[in-house]
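Residue numbering begins at 1 within each chain, and the chains themselves are lettered A, B, C, D, E, F, G and H in the order written.
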Amino acid sequence: MSTEEALVKLKTAPFVELGYAKADTHRRIRQGSTEVVYGAGKTPEQSLGIVKALAEDGGCVLVTRCPKETADLLSENLGCVEYDRVSGICTVGPRPVPSPNSLVCVVTAGTSDIPVAEEAARTAEALGSRVVRIYDAGVSGIHRILSKTDTLARARAVVAVAGMEGALPSVVGGLVDVPVVAVPTSVGYGASFGGITALLSMMNSCSSGVSVVNIDNGFGAGYIASMIDRRSAPL
Amino acid sequence: MSTEEALVKLKTAPFVELGYAKADTHRRIRQGSTEVVYGAGKTPEQSLGIVKALAEDGGCVLVTRCPKETADLLSENLGCVEYDRVSGICTVGPRPVPSPNSLVCVVTAGTSDIPVAEEAARTAEALGSRVVRIYDAGVSGIHRILSKTDTLARARAVVAVAGMEGALPSVVGGLVDVPVVAVPTSVGYGASFGGITALLSMMNSCSSGVSVVNIDNGFGAGYIASMIDRRSAPL
Amino acid sequence: MSTEEALVKLKTAPFVELGYAKADTHRRIRQGSTEVVYGAGKTPEQSLGIVKALAEDGGCVLVTRCPKETADLLSENLGCVEYDRVSGICTVGPRPVPSPNSLVCVVTAGTSDIPVAEEAARTAEALGSRVVRIYDAGVSGIHRILSKTDTLARARAVVAVAGMEGALPSVVGGLVDVPVVAVPTSVGYGASFGGITALLSMMNSCSSGVSVVNIDNGFGAGYIASMIDRRSAPL
Amino acid sequence: MSTEEALVKLKTAPFVELGYAKADTHRRIRQGSTEVVYGAGKTPEQSLGIVKALAEDGGCVLVTRCPKETADLLSENLGCVEYDRVSGICTVGPRPVPSPNSLVCVVTAGTSDIPVAEEAARTAEALGSRVVRIYDAGVSGIHRILSKTDTLARARAVVAVAGMEGALPSVVGGLVDVPVVAVPTSVGYGASFGGITALLSMMNSCSSGVSVVNIDNGFGAGYIASMIDRRSAPL
Amino acid sequence: MSTEEALVKLKTAPFVELGYAKADTHRRIRQGSTEVVYGAGKTPEQSLGIVKALAEDGGCVLVTRCPKETADLLSENLGCVEYDRVSGICTVGPRPVPSPNSLVCVVTAGTSDIPVAEEAARTAEALGSRVVRIYDAGVSGIHRILSKTDTLARARAVVAVAGMEGALPSVVGGLVDVPVVAVPTSVGYGASFGGITALLSMMNSCSSGVSVVNIDNGFGAGYIASMIDRRSAPL
Amino acid sequence: MSTEEALVKLKTAPFVELGYAKADTHRRIRQGSTEVVYGAGKTPEQSLGIVKALAEDGGCVLVTRCPKETADLLSENLGCVEYDRVSGICTVGPRPVPSPNSLVCVVTAGTSDIPVAEEAARTAEALGSRVVRIYDAGVSGIHRILSKTDTLARARAVVAVAGMEGALPSVVGGLVDVPVVAVPTSVGYGASFGGITALLSMMNSCSSGVSVVNIDNGFGAGYIASMIDRRSAPL
Amino acid sequence: MSTEEALVKLKTAPFVELGYAKADTHRRIRQGSTEVVYGAGKTPEQSLGIVKALAEDGGCVLVTRCPKETADLLSENLGCVEYDRVSGICTVGPRPVPSPNSLVCVVTAGTSDIPVAEEAARTAEALGSRVVRIYDAGVSGIHRILSKTDTLARARAVVAVAGMEGALPSVVGGLVDVPVVAVPTSVGYGASFGGITALLSMMNSCSSGVSVVNIDNGFGAGYIASMIDRRSAPL
Amino acid sequence: MSTEEALVKLKTAPFVELGYAKADTHRRIRQGSTEVVYGAGKTPEQSLGIVKALAEDGGCVLVTRCPKETADLLSENLGCVEYDRVSGICTVGPRPVPSPNSLVCVVTAGTSDIPVAEEAARTAEALGSRVVRIYDAGVSGIHRILSKTDTLARARAVVAVAGMEGALPSVVGGLVDVPVVAVPTSVGYGASFGGITALLSMMNSCSSGVSVVNIDNGFGAGYIASMIDRRSAPL
């Protein structure tokens, strides 16, 4: 594709102007994936309007940080709606089927990190990946993550979720040779600063292969891990 | 592989005890990639000792943040040493040959970001990827990055390097559908805080698919991008 | 005007002493614009007292961050009151009519930035500018803002409102050749720190012509943009 | 101009590809002003290459943060070079002549703020504005700025430069009814944090009409003030 | 007094051990002033117990940050209780009578700073000073504070209370030649950070004679100002 | 014990997989102490499940930050439950009996620090130490802590709890010759930043022998102090 | 004095316009004290020019943060110059003689705090106070400051200088009943953050009567302490 | 010992007044350990003066952060001086002999952490402990620390030194059941912020038994670890 063609493509990129939003019906063509709507900070009616515009071609739409009342409104107006309250993940329309070798591992340091981990796991599943969960495997009891090295070894991408000191991704990064997407969580108190300490810790990971997304951004991590997983060649 | 086997493997993981370092000769087996030594904060003699221990099996060893005198000492004592002063990247031993479809794009916002970008590019090359560089394509002249959309569309992973407000990865992330590894640089002054502003900006990217590594960590970004690139299936 | 005269003017500058406030009846003469009262942190009675003192000469008074009960009290006691709940903007008295060439563009990155944008837009309107709104045009779908370049090109001042990574003003600043007043919003989560990340990002904009006001300070941006707009010469 | 035309214009926007930089020869058409090169973080040879590409049509090129050796190299290779060491401002080519009513006031709180103020003043002059300087007029001796109210009253835009507590723009903002562009400087010690305190203080100015640029960013302030000045209608 | 005597005095310093508190009955002798109890973070019963222990010798006890229910309980159990809800200041017992020349000025930048200012004013009054209040005299309308220079000139200590950019103490410090105790308030939004910006600004005041107490610490400022006032020699 | 044995021990380290948690039944063997469950961020049912798994061998289980409803559920389902609402400490099963020479001193600066101090004290008691409490002995009335030097001299470890400026541990550290574990509390306002100031102050203590735990982490301090106390030799 | 008179006084306030500075010859009348010039950030020639303008009436001029070469230039051109290299304090002209009861105590926590303490002490002396120095009396050996309680008891104002955890002012504040001006110093390492920790600690002092000036601002503290000292009534 | 006796002891606590320092000859009696002098920020002559005063009774004096020239001056004037340049530790006089069961383990994450670790190790040795060093055992190659579990199991206190993400203490804390004193180092770059990230990470350790000292404070950690070690009962 030439530059001219690329620009023409951009120029004619369709979006539905809703006044309060420009629903980007173009993204499925451009990025080849399930459409995503960020549910927080929008009224249920606004979210419904956007989802409707995006769901017109029959594909899957993922609503993240979806409030209960938004999920209810979607459910009343649209078919095929699934909603998980712990993670706030809502899907509208049919989910893709994972390929045979697909495998994303989602690991957490503690029990309190599970809601964020579920956001990652369900996002990856909505995008077409198979997900295995390893929860409460923090580094203060190192034998817990060591007992899962065989599962980790088969993953094509890993999401590592941790609050407090955020040490888990560094240990996991040393055990696998695939990208580790680290998610700091706002779990902790005092000098955890709502996840900043974990975020900084992960930025400074001594393990190569670790990159970081925003605090509590399970969606972002699941999105990237699934992207890597789905594009990986069979071993 | 069972848990028992995994643990046995870990237990017998060989490293060469050098007193000041435990050279991890095991990593090539465990992680299947070129060995890496972080050159800063080590005396030239310490780096030489570690590189020697790692290079024994004839593979490639990558020394990052390599001071000039360390590169000189390596060059005097070992064969096949290449050193780039701008990025501080030094390789010892034969580099892997990239596969036909390999493609990592390294883009920068400005001219001053080039040293970090070169660290990323040369790391990815040392690990076996083909790299295309797009430099000085910051968002204040948006037509510059738009003119490269065709090249970006063929990449299997993108490294986006920017200082100041760090907006480039968000724009790039919206143009491609592969993972974008964002590298904040310490370029800027005043409220750029040595890269913190760019780092925070990138953490909050509105584009899905963007993850972040530490400030000026070109190596980390090149490592992850190459990992993704080499494992990608041909389209 | 000589220094002596300037000082005499200052010395005799009238204000109405209300005990809890010194209502600055002088400002309309001194600054030639609609009077402004900051409604937050004042009791409805205090705001009413100040507005009354300022509205005596029949001009327009603008109350920002106006709580519902303050608006109600003003409405009960004074004529010609308009109140917008989304932005908290309340005007008392007749609004000025915009000049034919007047044009302020208010753009937002997302849907959640609209309340702050409305504060800017309605402030500029209350001061006598014509306003065009371009909402949900963030940089992750760059074609959305590109499709509005013709409108932007006619603006005499632009207000760019964004949370999260705050990249929009840099892109807009590169598309226009008039001042861009950037408003960071507290929209986002995690490392957006209630708008600090967007603020810092905007401070470091690589585009010339961008200056910044406080987080969520739609009023300040609208005020400046209108000031520039109304004083601009016809092209 | 239609969207199609706007995009075509962007698509064909010319820049000279120099490898390390994309010199934006398009900006003069697009933004109608003197071209600007940021001199810091570039080698003298890189800056020369870019200036050459930009100066080809005979217009004025402004190099900011220009190191002495870069200025020397430009002087040796190009005609009509002026260099001010205090502010690091270098101009290549003929400066525009200011219009009769043009007036930008540049005020500083102290003597140490002068280098940044000169960057602002010389930038505005290079862009075609007339500039009046009012230096060392900080608020601890309030009579100093009060004695200049007559000059301030004639300005079409004001640049207010201050370090330490950064209070000057708030006082100036209350004395004039034109936009005040505030520049925090890194002057001070201890809890001035290299200008952060002044920056935050200015962000929170109680005077309407004040917007802020980055610490020590005299260029940015001069650029915006001149933009406003040159577009202002005669009173 | 010799060191030995000083230590003996300390050794025998009486306090009433209440288990949850050691009520310091010694302070009145040691520091010669009204006793003070910090009411926040204590149950009403705890505060009552402490006040009782301190009030035994018939002097005045000042309770700061006093919750309504604590004031009620004190009122039910003790005589001579005065309570101001705005500032949370409660006094138990007879207040000292100010000397003829006593004068503390308490000035605020805005209307929202009044609760903190009242804490300062009432503290100084409870300790025996005469207080004059100058409210809503912020620097954006500089003529407001200038109109009070005659009153300020008679003060023996000044308390300057301001939120947002905290510029008032610098201006006041230049107008008087007595100590100015600056109190940052948590008034403001966005980058005011709950008073941190004002605090930093005040720390960096360009006026000599300004010192700073904690955010919203009206008590501390009133205490110091009164201490200075009461010890001043008649002019 | 050889490395092989150590690894075998780790490999076979038992934990009960509960899905949401991996209850570490191994820790009592490995670390020889009462088991600990962090109660916050877990549902009452999750906590009950974990406590049940840990309490199976009849030892003592300590639940920290235990919500009232969790304590109630534990009480309904398990025997020997003690719950302190102030500190949120809940113990299940029989507590160890302290040795004759055991002594941990827990000191606080103020009354508001007591809840954190009680967390420390009750943790140390649950682990088998004898505890003496010295409350409200802050440094502004230095005679209060000086009057307790004889008690402090007998302690085998000290926990020093303080908010605000956090000066107490430095003074205590100079009075004793045993380790002082400092606990910053979130007590205070304004620039105390929820305990950060106290934390930083304690990190910089000029007294040797002072180490620090997280803000409000009474549990951590009590745990360490008791560990030191129980292992100390009789004098 | 009426408002009119006050404003006339301000209006006619004389200053010598030097271009780079407005030397405030008015301040001695307005504030009744020795003139002060901040020597850092000015060229020696600029400082000389300002000192000359201020010294014309034969009074004392104090130059703070005075570089060696500035002191030399002053010495060559003016009579009666005294310069202390440790503190950077330079006085030009005759110093005032202290009154009999004058007493300012300057205390430091450690030996490294002495340069800042000397700045305070010499400033107070230049302004006409008698100063007693108590150095190296930090709280980790509490008996050192306790042994000086008799001297402290006679002081009319205290300057307390400390780096690291900054605990000294709180202890001193509890021992005296006069204002304590706390000066944080940049002494320390790691989490002392160049004095920020000490500053924050002092802001949160649990002792009433403590106010704070900027990091390393010995001048400011000496100025305030002397102001209080000189205005105090004899006991 | 009664309160009276404690105070008398404090009162008569001897120190040698050197003007610039109060050498605390009392500490050996009070705290029973080797005397310590902080060498940084003192002139060599000041350090010599203090060491002489402290060494008079023939005990051991430890000088930390000792500059080369101070060590040289001590060596010239005093006998039995040992100096280690890497850690800056200098001892004067005979070192105590460790008891048979004494064992402090000092572990580091990387090679660059060794200088701080040596400060800890040599401090503990100077105070009378036996020390085993385990260097370069960071968590990215977890088998390295796991291979040392047998040595760790015999330690009576552990010092864990790490920069970057500071994860090592959490892993070590889970492997041992003795106190772990964590030392953040300023090793790293970018978002490691000179050790702040490691410090925060360690404050939030998920392992019980971990407390933290200041960045690079090897001395503090060695001091505490040795204190615990020497007071431990034989197992």
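We adopt the following convention: a contact is a pair of C-beta atoms (placed from the backbone, for glycine too) under 8 Å apart; a residue touches a chain by one contact, two chains touch by 3 or more.
Heads up on the chains, UniProt names are A, B, C, D, E, F, G, H = NCAIR mutase (PurE)-related protein.
The structure presented is a predicted model; accordingly, all values stated were derived computationally and were not measured.
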* **chain H and chain A - chains in contact with each** => B, F
* Among the chains, which has its CA centre at the largest distance from chain H's? -> C
* To do: For copies chain D and chain G, work out whether under half or over half of the interface numbers are shared, and give different or same accordingly.
  => different
* Structure fact -> dist(centroid_CA(chain C), centroid_CA(chain G)) in Å evaluates to 43
* Asked: With chain centres defined as C-alpha means, what is the inter-centre distance between chain B and chain H in Å?
  -> 37
* Where chain F touches two or more other chains at once, by residue number -> 3, 7, 10-11, 110, 141-142, 146-147, 175, 190-192, 196, 199, 203-204, 208, 214-215
* Residues of chain C defined as touching chain A within the complex -> 110-112, 114, 135-137, 141-144, 146-147, 187, 189-192
* **Of all residues in chain H, those that touch chain A in their complex** => 109-110, 138-142, 146, 164-167, 170-171, 173-175, 188, 190-193, 196-198, 200-208
* Asked: Which positions of chain C touch chain D when the two form their complex?
  -> 1-3, 5-7, 9-10, 30-33, 36, 146-150, 153, 156, 176-179, 181, 199, 203-204, 208-214, 219-221, 223-224, 227-228, 231-234
* To do: State the interface residues of chain C toward chain E in the complex, per the touch definition above.
  => 10-11, 13, 15, 18-22, 24, 26-27, 40-42, 46, 184, 186, 194-196, 199, 214-217
